[in-house]
Amino acid sequence: MSKVTVWNENRHEQKNPIVREIYPKGIHGAIAGFLEEAGFDVSTATLDEAEHGLTDEVLRNTDVLVWWGHLAHGEVNDDIVEKIHQRVLDGMGLIVLHSGHFSKIFKRLMGTSCDLKWREADDKERIWVVDPSHPIVEGLGEYIELEKEEMYGEHFDIPVPDQLVFVSWFEGGEVFRSGCTYRRGNGRIFYFRPGHETYPTYHHQDVQKVITNAVKWAQPVNRKRPVYGNAQSIEPISIK
Amino acid sequence: MSKVTVWNENRHEQKNPIVREIYPKGIHGAIAGFLEEAGFDVSTATLDEAEHGLTDEVLRNTDVLVWWGHLAHGEVNDDIVEKIHQRVLDGMGLIVLHSGHFSKIFKRLMGTSCDLKWREADDKERIWVVDPSHPIVEGLGEYIELEKEEMYGEHFDIPVPDQLVFVSWFEGGEVFRSGCTYRRGNGRIFYFRPGHETYPTYHHQDVQKVITNAVKWAQPVNRKRPVYGNAQSIEPISIK
Amino acid sequence: MSKVTVWNENRHEQKNPIVREIYPKGIHGAIAGFLEEAGFDVSTATLDEAEHGLTDEVLRNTDVLVWWGHLAHGEVNDDIVEKIHQRVLDGMGLIVLHSGHFSKIFKRLMGTSCDLKWREADDKERIWVVDPSHPIVEGLGEYIELEKEEMYGEHFDIPVPDQLVFVSWFEGGEVFRSGCTYRRGNGRIFYFRPGHETYPTYHHQDVQKVITNAVKWAQPVNRKRPVYGNAQSIEPISIK
Amino acid sequence: MSKVTVWNENRHEQKNPIVREIYPKGIHGAIAGFLEEAGFDVSTATLDEAEHGLTDEVLRNTDVLVWWGHLAHGEVNDDIVEKIHQRVLDGMGLIVLHSGHFSKIFKRLMGTSCDLKWREADDKERIWVVDPSHPIVEGLGEYIELEKEEMYGEHFDIPVPDQLVFVSWFEGGEVFRSGCTYRRGNGRIFYFRPGHETYPTYHHQDVQKVITNAVKWAQPVNRKRPVYGNAQSIEPISIK
């Protein structure tokens, strides 16, 4: 059974009673909950644990890592970011949610600023499926509608996605590439936009479906890295 | 259980004793054999059957269609090609093998000539994995080596693949984009190069792994087509 | 100097006084006008001319073909569509505008239905730049705003664009991949969404910039097709 | 006129008489030479100059930066790498050559290890054009043949290229994605494989054509970055 670690900064929950009310077990608890119901072997980890809860053993045993962070990206230890990076290259899946666009690990993997426009104004959001053949949209209708969300708008400064799965419409006049896949090394990455802490977005059934599908999709398929470096010793086919 | 139909022109087998010796049950029989062992519900269909064995009922009940053709692309009925095309848009997976690059259905889906260079000269072929994160390469090493194959060389006149999974090296000096995925509508398509009829390529374990993985990967995820056409009647959000 | 042919169905202009008022020289005349000012050697051609104005000589001498059609896609002669298709593979650029998404030539090149949602309800449209590095956006701001346009909405049934340049926002709640590039053979293709006949869209300065940039971008770079077919006679490097 | 800076580590030239003989003016001198002939305004910069020759003023005035490094990637100052990175996001073109695959700036932009297989054994290399529509292949035949080069083989640990322009064949049995484009922010990047220091590769006419075409292609088109951050103050369209 596939092992999933849900990582959450878990700071808004401590400071803001509105967030605590929406997510009494934390954002990580809410996400872990529906992933467990979907049959995954789920653990959680948070910023203020030792090594942010991401020890070598935890990382080694994680097939897919889910990431939510916002206030405290800068407090994530660089050495741990490097370990996560290496694990992604080795094949671990990574699901980056909402404000995780600015996390060290996402910026490290993307090579761009990952900047965007934003506005907290209770915009209505419609997340349109633009790739109806993708496993991540299984079981969805043509769009997901969220009554109120934080707006994220283009330009989103990311590399061209390998696959563009969702595009969001916002009431105030913006669009956003909301569901983007990438691969880096042996690992697969999915960025999914919604999930501002003051809205009950992770209780929305379709949002849960997307994250569940994404975790399935991001399973490692190949745990062995290719051989790199000097190929002198390998017998070439036809060099005289 | 997923339903797979393996379609084969089945003409070389009738004319050429070498081919018959390598594939006593036909190329379709060989492919159906290892797909059955992998747990799929497999049927076969061939050119000279009524409606080429691809009746409406067969097509409706096919999750993934595997296609091998060479000598007689022109004899495939245009109406049946249209039906296959529609089924792909509706979500049916399609695996096109080797000389199927020139089949009507592949050219219809690609929109290009699908032409290439070729040479029958017992070239050694090495099929290199260029995407180690792709489900289609699960269980493979870094390359598949075929002692002798027909050469296919660039330029291969196809649209840019959505995902490039394999690149072949040929002894005589050519390269070829050997494993290419596309999506069209709700359906997923994989083109896989090797399989000239006079070589025992489809008995090669790694070639069988690739085709088996590809059939898994190409499963329909979304059987419902999006709604197209006049959206006048749908209540728009904010038009006055 | 690069030769551009602007093709227009030119039927709305005959039937609808509103269209005639907006485009007294026809949509083709309006487009030809600003392309001439930009320094191209521009001709026009329309459906009701002999061979739709696209004789072999015209096509042979066209570097980039611009296409607007809507009511009468079915009246475009199949042989001429085949010739245009061949010319694109040979390197001719093709700019497909608005309702040209349903033209025979675009569907032939795409291999999909090219269907979409639409609504004529004076929606406001914002065409957002999602690729600020692309030559087609040179000189634009972050978006183009059109006060009123026909809505085109996802899902747009096209192959994954090689490059996604623009995404539209519509007042009524939809998004659309509005600027998409493809290559087929030696030729480059750009689809650009706006331009419903009853709005003065092609008089909008930014829309003109996009089409002008697209014509520059789609110039043929390589007039020689690769060699296809039997490479037996070419001396292979190392086959014994 | 477009300003190009050719950066070279310039260490092999000091240590190895063979390299000095092939490139008496340094690799940078050779590249600068043919770019000047092509009409660019070219400067050079090398590792051992102050600030590696890449002062703020030099970077600000560079439209396209060409990069060759090998022995001393680690000696390139991190602050300067950050400045180059920012300039690329701002729109500066970047052409990374050969062993530059392991440079700090390339790895920073890619987010992967950029590792590969290599062998110094005088392999013959054939660099095949796989995208005949790309401006970078203008004026080339179907492939470039280099009698002797260092082998670089797959797997090349890079993100999926935005555009794959060349694939190399090597005598010893390997293939390599030799010409890859990316965009990051407003900037365009081209990686081009050949150019081991002990071979006269940069004197090869077709290699010169590719680099010249790439410099043209990588010109900044849009010097203004999109606006990022809080969009609260911008009047949204329809939020009540």
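Letters are used for the chains, namely A, B, C and D, taken in the order the chains are written, and counting of residues starts over at 1 for each.
Following the convention adopted for this analysis, a contact is a pair of C-beta atoms (placed from the backbone, for glycine too) under 8 Å apart; a residue touches a chain by one contact, two chains touch by 3 or more.
Source: prediction; values computed, not measured.
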Pair of chains joined by more contacts [C-beta pairs], A-C or B-C: B-C
C-alpha-based rotation, chain A on chain B, 0 to 180 degrees, nearest 5: 180
Chain B-chain C separation of Cα centroids, rounded to whole Å: 31
Inter-centroid spacing, chain C versus chain A (mean Cα positions, whole Å): 36
Contacts with 2+ other chains: residues of chain D: 126, 129, 131-132, 142, 153-155, 160, 162-163, 171, 173-174, 183, 185, 226-227, 237-238
Of all residues in chain D, those that touch chain B in their complex: 126, 128-132, 142, 153-156, 160, 163-164, 167-170, 173-175, 177, 238
Residues of chain D that touch chain A when the two form their complex: 89, 108-113, 115-123, 151, 153-155, 157, 159-160, 162, 171-174, 182-185, 226-232, 234, 236-239
Residues of chain C touching chain D in the complex: 91, 124, 126, 129, 131-135, 137-138, 140, 142, 162-163, 171, 183, 185-188, 221-222, 225-227, 237-238
